[in-house]
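These are the structures in question, set out in turn.
What follows is subunit A paired twice: with subunit B in the first complex and subunit C in the second.
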Partner chain A sequence: MNENLFASFITPTLMGLPIIILIIAFPNILFPSPNRLINNRLVSFQQWLIQLVLKQMMTMHNLKGRTWSLMLISLIMFIGSTNLLGLLPHSFTPTTQLSMNLGMAIPLWAGAVITGFRHKTKASLAHFLPQGTPIPLIPMLVIIETISLFIQPMALAVRLTANITAGHLLMHLIGGATLVLTSISTPTAMITFIILVLLTVLEFAVALIQAYVFTLLVSLYLHDNT
Partner chain B sequence: MLQTIIRKYWIPLKPYYTQVYQEIWIGMGLMSFIIYKIRSADKRSKALKGSSPAPAHGHH
Partner chain C sequence: MASVVCGFFSFFSVPVKEKKLMDVKLGELPSWILMRDFTPKGIVGAFQRGYYRYYNKYINVKKGSIAGVNMVLAAYVLFSYCLSYKELKHERRRKYH
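Now for the complex of A and B:
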(Lines of atoms letter the chains of each structure in order from A and count residues from 1; the text may use other names and numbers.)
(Lines give C-alpha, C1' and ligand atoms only; values in the text may rest on other atoms or scores of the structure.)
Protein backbone atom coordinates (compact mmCIF):
# COMPACT_ATOMS: atom_id res chain seq x y z
CA MET A 1 0.00 0.00 0.00
CA ASN A 2 2.83 2.40 0.89
CA GLU A 3 4.68 1.52 -2.27
CA ASN A 4 1.53 2.04 -4.36
CA LEU A 5 0.73 5.35 -2.78
CA PHE A 6 4.01 7.07 -3.54
CA ALA A 7 4.73 5.29 -6.80
CA SER A 8 3.15 8.07 -8.81
CA PHE A 9 5.67 10.58 -7.47
CA ILE A 10 8.77 8.74 -8.68
CA THR A 11 10.59 10.57 -11.48
CA PRO A 12 9.55 8.61 -14.55
CA THR A 13 12.16 6.84 -16.65
CA LEU A 14 11.57 4.74 -19.72
CA MET A 15 14.16 1.99 -20.00
CA GLY A 16 16.71 4.14 -18.22
CA LEU A 17 16.02 7.32 -20.21
CA PRO A 18 14.65 10.26 -18.25
CA ILE A 19 11.36 11.07 -19.96
CA ILE A 20 10.76 13.71 -17.30
CA ILE A 21 12.25 16.16 -19.79
CA LEU A 22 9.54 15.29 -22.31
CA ILE A 23 6.89 15.57 -19.63
CA ILE A 24 8.06 19.04 -18.62
CA ALA A 25 8.26 20.15 -22.25
CA PHE A 26 4.83 18.71 -23.11
CA PRO A 27 2.56 21.66 -22.09
CA ASN A 28 4.51 23.78 -24.56
CA ILE A 29 2.81 22.12 -27.54
CA LEU A 30 -0.61 22.90 -26.08
CA PHE A 31 0.02 26.63 -26.55
CA PRO A 32 0.63 27.25 -30.28
CA SER A 33 2.38 30.52 -30.99
CA PRO A 34 0.18 33.07 -32.77
CA ASN A 35 1.60 33.90 -36.18
CA ARG A 36 -1.25 35.90 -37.70
CA LEU A 37 -3.14 39.00 -36.78
CA ILE A 38 -6.37 37.02 -36.36
CA ASN A 39 -5.76 33.44 -35.33
CA ASN A 40 -7.80 30.31 -35.04
CA ARG A 41 -10.16 29.70 -32.14
CA LEU A 42 -7.73 27.96 -29.84
CA VAL A 43 -5.01 30.58 -30.19
CA SER A 44 -7.51 33.46 -29.92
CA PHE A 45 -8.97 31.97 -26.78
CA GLN A 46 -5.52 31.54 -25.25
CA GLN A 47 -4.59 35.07 -26.23
CA TRP A 48 -7.73 36.39 -24.57
CA LEU A 49 -6.97 34.43 -21.39
CA ILE A 50 -3.38 35.62 -21.33
CA GLN A 51 -4.43 39.22 -21.79
CA LEU A 52 -6.92 38.91 -18.94
CA VAL A 53 -4.25 37.53 -16.62
CA LEU A 54 -1.69 40.04 -17.82
CA LYS A 55 -3.88 43.04 -17.17
CA GLN A 56 -4.88 41.74 -13.76
CA MET A 57 -1.35 41.00 -12.70
CA MET A 58 0.83 43.70 -14.16
CA THR A 59 -1.27 46.79 -13.45
CA MET A 60 0.39 47.42 -10.13
CA HIS A 61 3.92 47.45 -11.49
CA ASN A 62 5.94 50.36 -12.78
CA LEU A 63 7.93 50.34 -16.00
CA LYS A 64 10.82 48.38 -14.55
CA GLY A 65 8.50 45.78 -13.06
CA ARG A 66 6.60 45.36 -16.31
CA THR A 67 9.75 44.14 -18.07
CA TRP A 68 9.13 40.93 -16.12
CA SER A 69 5.67 40.44 -17.72
CA LEU A 70 6.91 37.75 -20.10
CA MET A 71 8.52 35.81 -17.29
CA LEU A 72 5.51 36.02 -14.98
CA ILE A 73 2.95 35.10 -17.62
CA SER A 74 5.09 32.17 -18.78
CA LEU A 75 5.34 31.10 -15.16
CA ILE A 76 1.62 31.10 -14.50
CA MET A 77 0.87 29.38 -17.82
CA PHE A 78 3.43 26.69 -17.12
CA ILE A 79 2.44 25.98 -13.53
CA GLY A 80 -1.28 26.12 -14.35
CA SER A 81 -1.04 23.79 -17.34
CA THR A 82 1.30 21.38 -15.56
CA ASN A 83 -0.98 21.17 -12.52
CA LEU A 84 -4.10 20.68 -14.64
CA LEU A 85 -2.44 17.98 -16.76
CA GLY A 86 -1.47 16.24 -13.53
CA LEU A 87 -5.12 15.67 -12.74
CA LEU A 88 -5.37 13.16 -15.57
CA PRO A 89 -5.23 9.59 -14.27
CA HIS A 90 -1.82 7.91 -14.25
CA SER A 91 -0.03 11.11 -15.25
CA PHE A 92 3.06 12.54 -13.66
CA THR A 93 3.07 16.09 -12.34
CA PRO A 94 6.49 17.73 -12.35
CA THR A 95 5.37 20.31 -9.80
CA THR A 96 5.09 17.61 -7.14
CA GLN A 97 8.88 17.48 -7.09
CA LEU A 98 10.42 19.92 -4.62
CA SER A 99 13.54 20.07 -6.76
CA MET A 100 11.64 21.62 -9.64
CA ASN A 101 9.75 24.09 -7.53
CA LEU A 102 12.94 25.20 -5.83
CA GLY A 103 14.43 25.55 -9.28
CA MET A 104 11.60 27.92 -10.16
CA ALA A 105 11.45 29.79 -6.87
CA ILE A 106 15.11 30.47 -6.09
CA PRO A 107 16.17 32.21 -9.33
CA LEU A 108 13.01 34.32 -9.48
CA TRP A 109 13.17 35.37 -5.85
CA ALA A 110 16.90 36.03 -6.05
CA GLY A 111 16.34 38.01 -9.24
CA ALA A 112 13.74 40.19 -7.56
CA VAL A 113 15.90 40.78 -4.46
CA ILE A 114 19.05 41.51 -6.44
CA THR A 115 17.08 43.90 -8.66
CA GLY A 116 16.01 45.74 -5.54
CA PHE A 117 19.51 45.91 -4.11
CA ARG A 118 20.95 47.01 -7.40
CA HIS A 119 18.55 49.79 -8.31
CA LYS A 120 17.11 50.98 -5.01
CA THR A 121 19.72 49.96 -2.46
CA LYS A 122 18.56 52.22 0.38
CA ALA A 123 14.89 51.29 -0.03
CA SER A 124 15.76 47.58 -0.19
CA LEU A 125 17.78 47.79 3.00
CA ALA A 126 14.99 49.79 4.61
CA HIS A 127 12.67 46.84 4.13
CA PHE A 128 14.48 45.10 6.94
CA LEU A 129 13.00 47.48 9.48
CA PRO A 130 9.27 48.23 9.42
CA GLN A 131 8.25 51.80 10.06
CA GLY A 132 7.48 52.87 13.58
CA THR A 133 9.21 50.12 15.52
CA PRO A 134 10.23 51.03 19.08
CA ILE A 135 13.99 51.44 19.44
CA PRO A 136 14.65 48.56 21.90
CA LEU A 137 13.05 46.11 19.46
CA ILE A 138 15.16 47.11 16.45
CA PRO A 139 17.93 44.45 16.59
CA MET A 140 15.50 41.59 17.05
CA LEU A 141 13.22 42.87 14.32
CA VAL A 142 16.07 43.16 11.83
CA ILE A 143 16.95 39.54 12.52
CA ILE A 144 13.33 38.50 12.12
CA GLU A 145 12.95 40.39 8.86
CA THR A 146 16.15 38.85 7.50
CA ILE A 147 14.93 35.38 8.34
CA SER A 148 11.57 36.14 6.77
CA LEU A 149 13.31 37.33 3.63
CA PHE A 150 15.38 34.17 3.26
CA ILE A 151 12.41 31.94 3.96
CA GLN A 152 10.50 33.39 0.99
CA PRO A 153 11.92 31.08 -1.74
CA MET A 154 11.59 28.04 0.53
CA ALA A 155 7.98 28.93 1.29
CA LEU A 156 7.21 29.46 -2.40
CA ALA A 157 8.59 26.08 -3.39
CA VAL A 158 7.27 24.07 -0.45
CA ARG A 159 3.80 25.63 -0.73
CA LEU A 160 3.39 24.52 -4.32
CA THR A 161 4.89 21.08 -3.73
CA ALA A 162 2.86 20.36 -0.62
CA ASN A 163 -0.44 21.53 -2.06
CA ILE A 164 -0.21 19.54 -5.26
CA THR A 165 1.28 16.44 -3.63
CA ALA A 166 -1.29 16.46 -0.84
CA GLY A 167 -4.13 16.78 -3.32
CA HIS A 168 -2.88 13.90 -5.42
CA LEU A 169 -2.33 11.72 -2.35
CA LEU A 170 -5.83 12.46 -1.04
CA MET A 171 -7.37 11.52 -4.35
CA HIS A 172 -5.38 8.24 -4.36
CA LEU A 173 -6.46 7.42 -0.83
CA ILE A 174 -10.13 8.28 -1.20
CA GLY A 175 -10.30 6.61 -4.60
CA GLY A 176 -8.78 3.47 -3.13
CA ALA A 177 -11.19 3.63 -0.21
CA THR A 178 -14.16 3.98 -2.57
CA LEU A 179 -13.03 0.96 -4.55
CA VAL A 180 -12.62 -1.18 -1.45
CA LEU A 181 -15.94 -0.04 0.02
CA THR A 182 -18.02 -1.00 -3.05
CA SER A 183 -17.78 -4.66 -2.12
CA ILE A 184 -18.36 -4.02 1.61
CA SER A 185 -21.17 -1.47 1.82
CA THR A 186 -22.54 0.37 -1.23
CA PRO A 187 -24.10 3.45 0.51
CA THR A 188 -20.76 4.22 2.18
CA ALA A 189 -19.08 3.79 -1.18
CA MET A 190 -21.54 6.27 -2.68
CA ILE A 191 -20.72 8.82 0.00
CA THR A 192 -17.01 8.29 -0.51
CA PHE A 193 -17.51 8.66 -4.25
CA ILE A 194 -19.28 11.97 -3.76
CA ILE A 195 -16.37 13.07 -1.56
CA LEU A 196 -14.03 12.05 -4.37
CA VAL A 197 -15.96 14.09 -6.91
CA LEU A 198 -15.92 17.13 -4.66
CA LEU A 199 -12.22 16.63 -4.06
CA THR A 200 -11.57 16.50 -7.80
CA VAL A 201 -13.40 19.78 -8.25
CA LEU A 202 -11.29 21.21 -5.44
CA GLU A 203 -8.15 19.93 -7.09
CA PHE A 204 -9.02 21.72 -10.32
CA ALA A 205 -9.38 24.90 -8.34
CA VAL A 206 -6.18 24.26 -6.38
CA ALA A 207 -4.23 23.63 -9.56
CA LEU A 208 -5.12 27.04 -10.88
CA ILE A 209 -4.99 28.83 -7.57
CA GLN A 210 -1.54 27.57 -6.73
CA ALA A 211 -0.23 28.75 -10.06
CA TYR A 212 -1.76 32.11 -9.40
CA VAL A 213 -0.43 32.34 -5.87
CA PHE A 214 3.08 31.43 -6.94
CA THR A 215 3.12 34.02 -9.66
CA LEU A 216 1.43 36.65 -7.55
CA LEU A 217 3.97 36.28 -4.79
CA VAL A 218 6.86 36.53 -7.20
CA SER A 219 5.29 39.64 -8.64
CA LEU A 220 4.83 41.03 -5.13
CA TYR A 221 8.48 40.46 -4.33
CA LEU A 222 9.24 42.18 -7.61
CA HIS A 223 7.02 45.11 -6.75
CA ASP A 224 8.77 45.57 -3.45
CA ASN A 225 12.05 45.76 -5.25
CA THR A 226 11.37 47.90 -8.32
CA MET B 1 19.19 23.65 -36.47
CA LEU B 2 21.37 26.07 -34.55
CA GLN B 3 20.42 28.78 -37.01
CA THR B 4 16.73 28.08 -36.45
CA ILE B 5 17.26 28.21 -32.70
CA ILE B 6 19.10 31.52 -33.02
CA ARG B 7 16.50 32.96 -35.39
CA LYS B 8 13.48 31.86 -33.40
CA TYR B 9 14.60 32.32 -29.81
CA TRP B 10 17.80 34.30 -29.41
CA ILE B 11 17.09 37.18 -31.79
CA PRO B 12 13.57 38.03 -30.54
CA LEU B 13 14.51 37.51 -26.89
CA LYS B 14 17.99 39.08 -26.95
CA PRO B 15 17.04 42.21 -24.93
CA TYR B 16 15.46 40.00 -22.30
CA TYR B 17 18.40 37.64 -21.95
CA THR B 18 20.97 40.41 -21.99
CA GLN B 19 19.34 43.19 -20.00
CA VAL B 20 16.12 42.31 -18.22
CA TYR B 21 17.03 38.92 -16.81
CA GLN B 22 20.54 39.77 -15.62
CA GLU B 23 19.56 39.34 -12.01
CA ILE B 24 17.73 36.11 -12.79
CA TRP B 25 20.94 34.71 -14.29
CA ILE B 26 22.67 35.57 -11.02
CA GLY B 27 19.83 33.79 -9.23
CA MET B 28 20.34 30.76 -11.46
CA GLY B 29 24.03 30.84 -10.57
CA LEU B 30 23.06 30.86 -6.90
CA MET B 31 20.70 27.94 -7.48
CA SER B 32 23.37 25.91 -9.32
CA PHE B 33 25.79 26.63 -6.47
CA ILE B 34 23.24 25.31 -3.98
CA ILE B 35 22.66 22.20 -6.15
CA TYR B 36 26.43 21.63 -6.36
CA LYS B 37 26.74 21.93 -2.58
CA ILE B 38 23.89 19.49 -1.97
CA ARG B 39 25.22 16.94 -4.47
CA SER B 40 28.76 17.09 -3.13
CA ALA B 41 27.55 16.70 0.44
CA ASP B 42 25.44 13.73 -0.64
CA LYS B 43 28.40 12.17 -2.47
CA ARG B 44 30.64 12.74 0.53
CA SER B 45 28.18 11.16 2.95
CA LYS B 46 27.64 8.18 0.61
CA ALA B 47 31.40 7.70 0.24
CA LEU B 48 31.81 7.88 4.01
CA LYS B 49 29.04 5.37 4.57
CA GLY B 50 30.51 3.04 1.93
CA SER B 51 34.10 3.17 3.17
CA SER B 52 33.36 2.58 6.86
CA PRO B 53 30.84 -0.25 7.23
CA ALA B 54 31.72 -0.73 10.97
CA PRO B 55 29.04 0.63 13.34
CA ALA B 56 29.81 4.07 14.68
CA HIS B 57 29.13 3.37 18.35
CA GLY B 58 31.16 0.21 18.85
CA HIS B 59 34.59 1.76 19.43
CA HIS B 60 34.59 2.56 23.15
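Now for the complex of A and C:
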Protein backbone atom coordinates (compact mmCIF):
# COMPACT_ATOMS: atom_id res chain seq x y z
CA MET A 1 0.00 0.00 0.00
CA ASN A 2 2.83 2.37 0.83
CA GLU A 3 4.59 1.93 -2.46
CA ASN A 4 1.35 2.17 -4.40
CA LEU A 5 0.42 5.43 -2.77
CA PHE A 6 3.23 7.37 -4.40
CA ALA A 7 3.37 5.36 -7.61
CA SER A 8 1.06 7.77 -9.36
CA PHE A 9 3.57 10.59 -8.88
CA ILE A 10 6.43 8.93 -10.69
CA THR A 11 7.42 10.66 -13.93
CA PRO A 12 5.89 8.48 -16.64
CA THR A 13 8.29 6.94 -19.11
CA LEU A 14 7.59 4.38 -21.78
CA MET A 15 10.63 2.18 -22.26
CA GLY A 16 12.90 5.11 -21.44
CA LEU A 17 11.04 7.64 -23.56
CA PRO A 18 9.75 10.58 -21.58
CA ILE A 19 6.01 10.44 -22.11
CA ILE A 20 5.74 13.36 -19.72
CA ILE A 21 6.48 15.70 -22.61
CA LEU A 22 3.35 14.45 -24.36
CA ILE A 23 1.35 14.79 -21.17
CA ILE A 24 2.46 18.38 -20.64
CA ALA A 25 1.67 19.23 -24.25
CA PHE A 26 -1.73 17.52 -24.15
CA PRO A 27 -3.85 20.44 -22.78
CA ASN A 28 -2.71 22.44 -25.79
CA ILE A 29 -4.93 20.29 -28.03
CA LEU A 30 -7.99 21.13 -25.97
CA PHE A 31 -7.72 24.85 -26.77
CA PRO A 32 -8.15 25.25 -30.55
CA SER A 33 -7.19 28.63 -31.87
CA PRO A 34 -9.96 30.79 -33.33
CA ASN A 35 -9.56 31.60 -36.99
CA ARG A 36 -12.89 33.16 -37.90
CA LEU A 37 -15.02 35.98 -36.64
CA ILE A 38 -17.69 33.56 -35.38
CA ASN A 39 -16.27 30.21 -34.37
CA ASN A 40 -17.60 26.84 -33.35
CA ARG A 41 -19.14 26.42 -29.92
CA LEU A 42 -16.04 25.22 -28.15
CA VAL A 43 -13.85 28.04 -29.35
CA SER A 44 -16.53 30.66 -28.67
CA PHE A 45 -16.98 29.36 -25.15
CA GLN A 46 -13.24 29.50 -24.52
CA GLN A 47 -13.03 32.98 -25.95
CA TRP A 48 -15.76 34.14 -23.60
CA LEU A 49 -14.04 32.52 -20.60
CA ILE A 50 -10.68 34.03 -21.45
CA GLN A 51 -12.19 37.47 -21.84
CA LEU A 52 -13.84 37.17 -18.45
CA VAL A 53 -10.56 36.17 -16.83
CA LEU A 54 -8.67 38.88 -18.69
CA LYS A 55 -10.96 41.64 -17.57
CA GLN A 56 -10.89 40.42 -13.99
CA MET A 57 -7.14 40.16 -13.85
CA MET A 58 -5.65 42.94 -15.90
CA THR A 59 -7.70 45.96 -14.91
CA MET A 60 -5.42 46.82 -12.04
CA HIS A 61 -2.30 47.13 -14.16
CA ASN A 62 -0.98 50.15 -15.98
CA LEU A 63 0.17 50.16 -19.57
CA LYS A 64 3.50 48.57 -18.80
CA GLY A 65 1.96 45.83 -16.72
CA ARG A 66 -0.55 44.99 -19.42
CA THR A 67 2.22 43.88 -21.75
CA TRP A 68 2.30 40.82 -19.53
CA SER A 69 -1.33 39.88 -20.23
CA LEU A 70 -0.52 37.14 -22.72
CA MET A 71 1.91 35.55 -20.28
CA LEU A 72 -0.49 35.68 -17.35
CA ILE A 73 -3.53 34.44 -19.24
CA SER A 74 -1.64 31.53 -20.77
CA LEU A 75 -0.28 30.77 -17.29
CA ILE A 76 -3.70 30.53 -15.72
CA MET A 77 -5.07 28.50 -18.64
CA PHE A 78 -2.15 26.08 -18.43
CA ILE A 79 -2.24 25.57 -14.67
CA GLY A 80 -6.05 25.38 -14.59
CA SER A 81 -6.31 22.86 -17.40
CA THR A 82 -3.41 20.75 -16.12
CA ASN A 83 -4.89 20.59 -12.62
CA LEU A 84 -8.34 19.72 -13.93
CA LEU A 85 -6.98 17.01 -16.22
CA GLY A 86 -5.20 15.53 -13.21
CA LEU A 87 -8.58 14.78 -11.65
CA LEU A 88 -9.34 12.19 -14.34
CA PRO A 89 -8.72 8.63 -13.16
CA HIS A 90 -5.23 7.24 -13.62
CA SER A 91 -3.87 10.42 -15.13
CA PHE A 92 -0.58 12.07 -14.26
CA THR A 93 -0.53 15.70 -13.14
CA PRO A 94 2.63 17.56 -14.06
CA THR A 95 1.99 20.26 -11.46
CA THR A 96 2.62 17.76 -8.67
CA GLN A 97 6.29 17.88 -9.57
CA LEU A 98 8.14 20.59 -7.69
CA SER A 99 10.64 20.90 -10.51
CA MET A 100 7.99 22.08 -12.94
CA ASN A 101 6.45 24.55 -10.52
CA LEU A 102 9.84 26.00 -9.67
CA GLY A 103 10.46 26.30 -13.39
CA MET A 104 7.28 28.34 -13.69
CA ALA A 105 7.63 30.41 -10.54
CA ILE A 106 11.27 31.48 -10.53
CA PRO A 107 11.47 33.02 -14.02
CA LEU A 108 8.18 34.86 -13.63
CA TRP A 109 9.05 36.25 -10.21
CA ALA A 110 12.57 37.13 -11.33
CA GLY A 111 11.19 38.88 -14.40
CA ALA A 112 8.84 40.99 -12.32
CA VAL A 113 11.53 41.94 -9.78
CA ILE A 114 14.20 42.71 -12.35
CA THR A 115 11.73 44.84 -14.33
CA GLY A 116 11.07 46.77 -11.16
CA PHE A 117 14.76 47.27 -10.44
CA ARG A 118 15.50 48.42 -13.95
CA HIS A 119 12.70 50.92 -14.38
CA LYS A 120 11.89 52.18 -10.91
CA THR A 121 15.08 51.49 -8.98
CA LYS A 122 14.40 53.86 -6.11
CA ALA A 123 10.84 52.66 -5.60
CA SER A 124 11.88 48.99 -5.77
CA LEU A 125 14.57 49.50 -3.17
CA ALA A 126 12.09 51.45 -1.06
CA HIS A 127 9.92 48.35 -0.83
CA PHE A 128 12.46 46.92 1.59
CA LEU A 129 11.49 49.35 4.32
CA PRO A 130 7.84 49.90 5.24
CA GLN A 131 6.81 53.42 6.02
CA GLY A 132 6.97 54.70 9.54
CA THR A 133 9.26 52.16 11.16
CA PRO A 134 11.12 53.26 14.29
CA ILE A 135 14.78 53.99 13.50
CA PRO A 136 16.37 51.33 15.78
CA LEU A 137 14.42 48.62 14.00
CA ILE A 138 15.54 49.53 10.50
CA PRO A 139 18.45 47.07 9.99
CA MET A 140 16.45 44.10 11.22
CA LEU A 141 13.46 45.05 9.12
CA VAL A 142 15.52 45.36 5.94
CA ILE A 143 16.86 41.87 6.52
CA ILE A 144 13.37 40.52 7.10
CA GLU A 145 11.99 42.19 4.00
CA THR A 146 14.85 40.81 1.89
CA ILE A 147 14.15 37.32 3.15
CA SER A 148 10.47 37.71 2.43
CA LEU A 149 11.27 38.88 -1.09
CA PHE A 150 13.46 35.89 -1.85
CA ILE A 151 10.97 33.47 -0.40
CA GLN A 152 8.27 34.56 -2.83
CA PRO A 153 9.17 32.19 -5.73
CA MET A 154 9.71 29.27 -3.35
CA ALA A 155 6.34 29.92 -1.76
CA LEU A 156 4.65 30.11 -5.16
CA ALA A 157 6.07 26.79 -6.29
CA VAL A 158 5.68 24.90 -3.03
CA ARG A 159 2.11 26.17 -2.52
CA LEU A 160 0.97 24.79 -5.84
CA THR A 161 2.84 21.50 -5.48
CA ALA A 162 1.70 20.85 -1.94
CA ASN A 163 -1.94 21.65 -2.58
CA ILE A 164 -2.33 19.46 -5.63
CA THR A 165 -0.24 16.59 -4.25
CA ALA A 166 -2.07 16.62 -0.92
CA GLY A 167 -5.43 16.57 -2.65
CA HIS A 168 -4.51 13.62 -4.84
CA LEU A 169 -3.04 11.70 -1.90
CA LEU A 170 -6.14 12.27 0.22
CA MET A 171 -8.36 10.99 -2.56
CA HIS A 172 -6.22 7.88 -2.96
CA LEU A 173 -6.27 7.20 0.77
CA ILE A 174 -9.98 7.76 1.31
CA GLY A 175 -10.83 5.79 -1.82
CA GLY A 176 -8.72 2.89 -0.58
CA ALA A 177 -10.34 3.13 2.83
CA THR A 178 -13.81 3.03 1.30
CA LEU A 179 -12.96 -0.09 -0.68
CA VAL A 180 -11.64 -1.91 2.37
CA LEU A 181 -14.55 -0.83 4.55
CA THR A 182 -17.25 -2.21 2.24
CA SER A 183 -16.54 -5.74 3.41
CA ILE A 184 -16.23 -4.75 7.07
CA SER A 185 -19.20 -2.47 7.72
CA THR A 186 -21.32 -0.97 4.93
CA PRO A 187 -22.68 2.16 6.71
CA THR A 188 -19.13 3.30 7.49
CA ALA A 189 -18.27 2.73 3.86
CA MET A 190 -21.21 4.91 2.84
CA ILE A 191 -20.00 7.72 5.07
CA THR A 192 -16.50 7.40 3.70
CA PHE A 193 -17.91 7.46 0.20
CA ILE A 194 -19.77 10.67 0.90
CA ILE A 195 -16.53 12.14 2.22
CA LEU A 196 -14.86 11.07 -1.01
CA VAL A 197 -17.52 12.80 -3.11
CA LEU A 198 -17.18 16.00 -1.12
CA LEU A 199 -13.42 15.80 -1.43
CA THR A 200 -13.69 15.45 -5.20
CA VAL A 201 -15.85 18.55 -5.40
CA LEU A 202 -13.25 20.33 -3.29
CA GLU A 203 -10.51 19.15 -5.59
CA PHE A 204 -12.25 20.62 -8.59
CA ALA A 205 -12.43 23.92 -6.79
CA VAL A 206 -8.83 23.67 -5.61
CA ALA A 207 -7.61 22.98 -9.11
CA LEU A 208 -9.08 26.20 -10.37
CA ILE A 209 -8.32 28.22 -7.28
CA GLN A 210 -4.66 27.27 -7.25
CA ALA A 211 -4.29 28.38 -10.83
CA TYR A 212 -5.93 31.63 -9.95
CA VAL A 213 -3.83 32.22 -6.88
CA PHE A 214 -0.60 31.51 -8.71
CA THR A 215 -1.42 33.90 -11.48
CA LEU A 216 -2.79 36.51 -9.13
CA LEU A 217 0.35 36.55 -7.06
CA VAL A 218 2.55 36.85 -10.09
CA SER A 219 0.46 39.75 -11.27
CA LEU A 220 0.70 41.29 -7.83
CA TYR A 221 4.46 41.11 -7.92
CA LEU A 222 4.24 42.67 -11.33
CA HIS A 223 2.04 45.47 -10.09
CA ASP A 224 4.50 46.32 -7.38
CA ASN A 225 7.25 46.57 -9.89
CA THR A 226 5.78 48.50 -12.82
CA MET B 1 -5.13 11.25 -50.83
CA ALA B 2 -7.42 10.64 -53.78
CA SER B 3 -7.06 7.49 -55.73
CA VAL B 4 -5.33 8.28 -58.98
CA VAL B 5 -5.74 6.30 -62.16
CA CYS B 6 -2.33 6.24 -63.73
CA GLY B 7 -2.47 6.36 -67.49
CA PHE B 8 0.34 3.85 -67.64
CA PHE B 9 -1.95 1.02 -66.55
CA SER B 10 -5.35 0.12 -67.92
CA PHE B 11 -8.26 2.12 -66.64
CA PHE B 12 -9.42 -0.73 -64.42
CA SER B 13 -6.45 -0.91 -62.00
CA VAL B 14 -5.02 1.62 -59.57
CA PRO B 15 -1.46 1.40 -58.22
CA VAL B 16 -1.47 -0.07 -54.70
CA LYS B 17 0.49 2.78 -53.24
CA GLU B 18 -2.23 5.32 -53.81
CA LYS B 19 -5.29 3.37 -52.73
CA LYS B 20 -7.13 4.36 -49.61
CA LEU B 21 -7.11 1.87 -46.76
CA MET B 22 -10.64 0.63 -47.35
CA ASP B 23 -9.90 -0.17 -51.00
CA VAL B 24 -6.76 -2.21 -50.31
CA LYS B 25 -7.33 -5.95 -50.56
CA LEU B 26 -6.24 -8.07 -47.62
CA GLY B 27 -3.42 -9.72 -49.54
CA GLU B 28 -1.99 -6.37 -50.52
CA LEU B 29 -2.03 -5.06 -46.96
CA PRO B 30 1.62 -5.73 -46.00
CA SER B 31 2.93 -4.11 -49.17
CA TRP B 32 0.57 -1.17 -48.64
CA ILE B 33 1.83 -0.66 -45.09
CA LEU B 34 5.45 -0.89 -46.19
CA MET B 35 4.95 1.64 -48.95
CA ARG B 36 3.59 4.31 -46.59
CA ASP B 37 5.66 7.42 -46.07
CA PHE B 38 7.69 6.90 -42.88
CA THR B 39 9.87 9.96 -43.21
CA PRO B 40 9.46 12.53 -40.40
CA LYS B 41 7.52 14.73 -42.79
CA GLY B 42 5.22 11.83 -43.60
CA ILE B 43 4.61 10.96 -39.96
CA VAL B 44 3.88 14.57 -39.07
CA GLY B 45 1.56 14.74 -42.06
CA ALA B 46 -0.26 11.64 -40.86
CA PHE B 47 -0.76 13.11 -37.37
CA GLN B 48 -1.94 16.39 -38.88
CA ARG B 49 -4.43 14.63 -41.14
CA GLY B 50 -5.76 12.60 -38.24
CA TYR B 51 -6.09 15.66 -36.03
CA TYR B 52 -7.94 17.68 -38.63
CA ARG B 53 -10.17 14.79 -39.51
CA TYR B 54 -11.28 14.49 -35.88
CA TYR B 55 -11.45 18.25 -35.33
CA ASN B 56 -13.54 18.96 -38.40
CA LYS B 57 -15.93 16.12 -37.74
CA TYR B 58 -16.65 16.60 -34.04
CA ILE B 59 -15.54 20.00 -32.85
CA ASN B 60 -15.45 22.47 -35.70
CA VAL B 61 -19.23 22.31 -36.18
CA LYS B 62 -21.69 25.05 -35.41
CA LYS B 63 -23.38 23.24 -32.54
CA GLY B 64 -20.71 20.92 -31.23
CA SER B 65 -21.55 19.20 -27.97
CA ILE B 66 -19.49 18.00 -25.03
CA ALA B 67 -19.14 14.60 -26.68
CA GLY B 68 -16.40 15.85 -28.98
CA VAL B 69 -14.11 16.80 -26.09
CA ASN B 70 -15.27 13.87 -23.95
CA MET B 71 -14.06 11.34 -26.48
CA VAL B 72 -10.60 12.87 -26.33
CA LEU B 73 -10.63 12.78 -22.53
CA ALA B 74 -11.77 9.16 -22.51
CA ALA B 75 -8.92 8.27 -24.84
CA TYR B 76 -6.55 10.10 -22.47
CA VAL B 77 -7.85 8.11 -19.48
CA LEU B 78 -7.38 4.88 -21.41
CA PHE B 79 -3.85 5.91 -22.38
CA SER B 80 -2.98 6.74 -18.75
CA TYR B 81 -4.43 3.41 -17.64
CA CYS B 82 -2.21 1.57 -20.09
CA LEU B 83 0.82 3.52 -18.90
CA SER B 84 0.22 2.73 -15.24
CA TYR B 85 -0.94 -0.86 -15.72
CA LYS B 86 2.22 -2.21 -14.19
CA GLU B 87 1.49 -0.64 -10.81
CA LEU B 88 -2.25 -1.25 -11.02
CA LYS B 89 -1.66 -4.96 -11.52
CA HIS B 90 -0.85 -5.28 -7.82
CA GLU B 91 -4.16 -3.82 -6.70
CA ARG B 92 -6.39 -6.61 -7.96
CA ARG B 93 -8.31 -8.75 -5.50
CA ARG B 94 -6.42 -11.98 -5.89
CA LYS B 95 -4.99 -14.36 -3.35
CA TYR B 96 -1.64 -14.54 -5.15
CA HIS B 97 -0.51 -11.43 -6.96
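Everything below uses one rule, namely that the second predicted complex is superposed on the first by the 226 of 226 C-alpha atoms of A that agree within 3 Å, B and C clash if a C-alpha of one lies under 4 Å from a C-alpha of the other, contacts with A are read in each partner's own complex, and residues count from 1 in each chain.
The rule is simple: contacts are C-beta pairs under 8 Å (C-beta built on N, C-alpha and C of every residue); 3 or more make two chains touch, one makes a residue touch a chain.
Model, not experiment: these values are computed from the prediction.
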Sharing subunit A, do subunit B and subunit C clash or fit in the superposition? fit
Quick one: classify A:I19 as touching subunit B (first), subunit C (second), both or neither. second
So in the superposed three-chain picture, is A:A205 touching just subunit B, just subunit C, both, or none of them (first/second/both/neither)? neither
Please work out whether A:L52 is in contact with subunit B alone, subunit C alone, both, or neither, and reply first, second, both or neither. neither
I want to verify one number. Taking the Cα centroids, what angle sits at subunit A between subunit B and subunit C, in steps of 10 degrees? 80
When the two structures are overlaid on chain A, which partner does A:W68 contact: first (subunit B), second (subunit C), both, or neither? first
Output check: A:L108 vs subunit B and subunit C. Expected answer is one of first, second, both, neither. What do you get? first
In the superposed model, how near does subunit B get to subunit C, counting Cα atoms only, in Å? 8
Sites on subunit B touched by subunit A in the complex: 16, 20-21, 23-24, 26-28, 30-31, 34
Footprint of subunit B on subunit A - complex, ascending: 67-68, 70-71, 102-103, 106-112, 114-115, 118
Complex contact set, residues of subunit C against subunit A: 51, 55, 59-65, 68-69, 72-73, 76-77, 80-81, 83-84, 87-88, 90-91
For the complex, which residues does subunit A have touching subunit C? 4, 7-8, 12, 14, 19, 26, 29-30, 32, 40-42, 85, 88-92
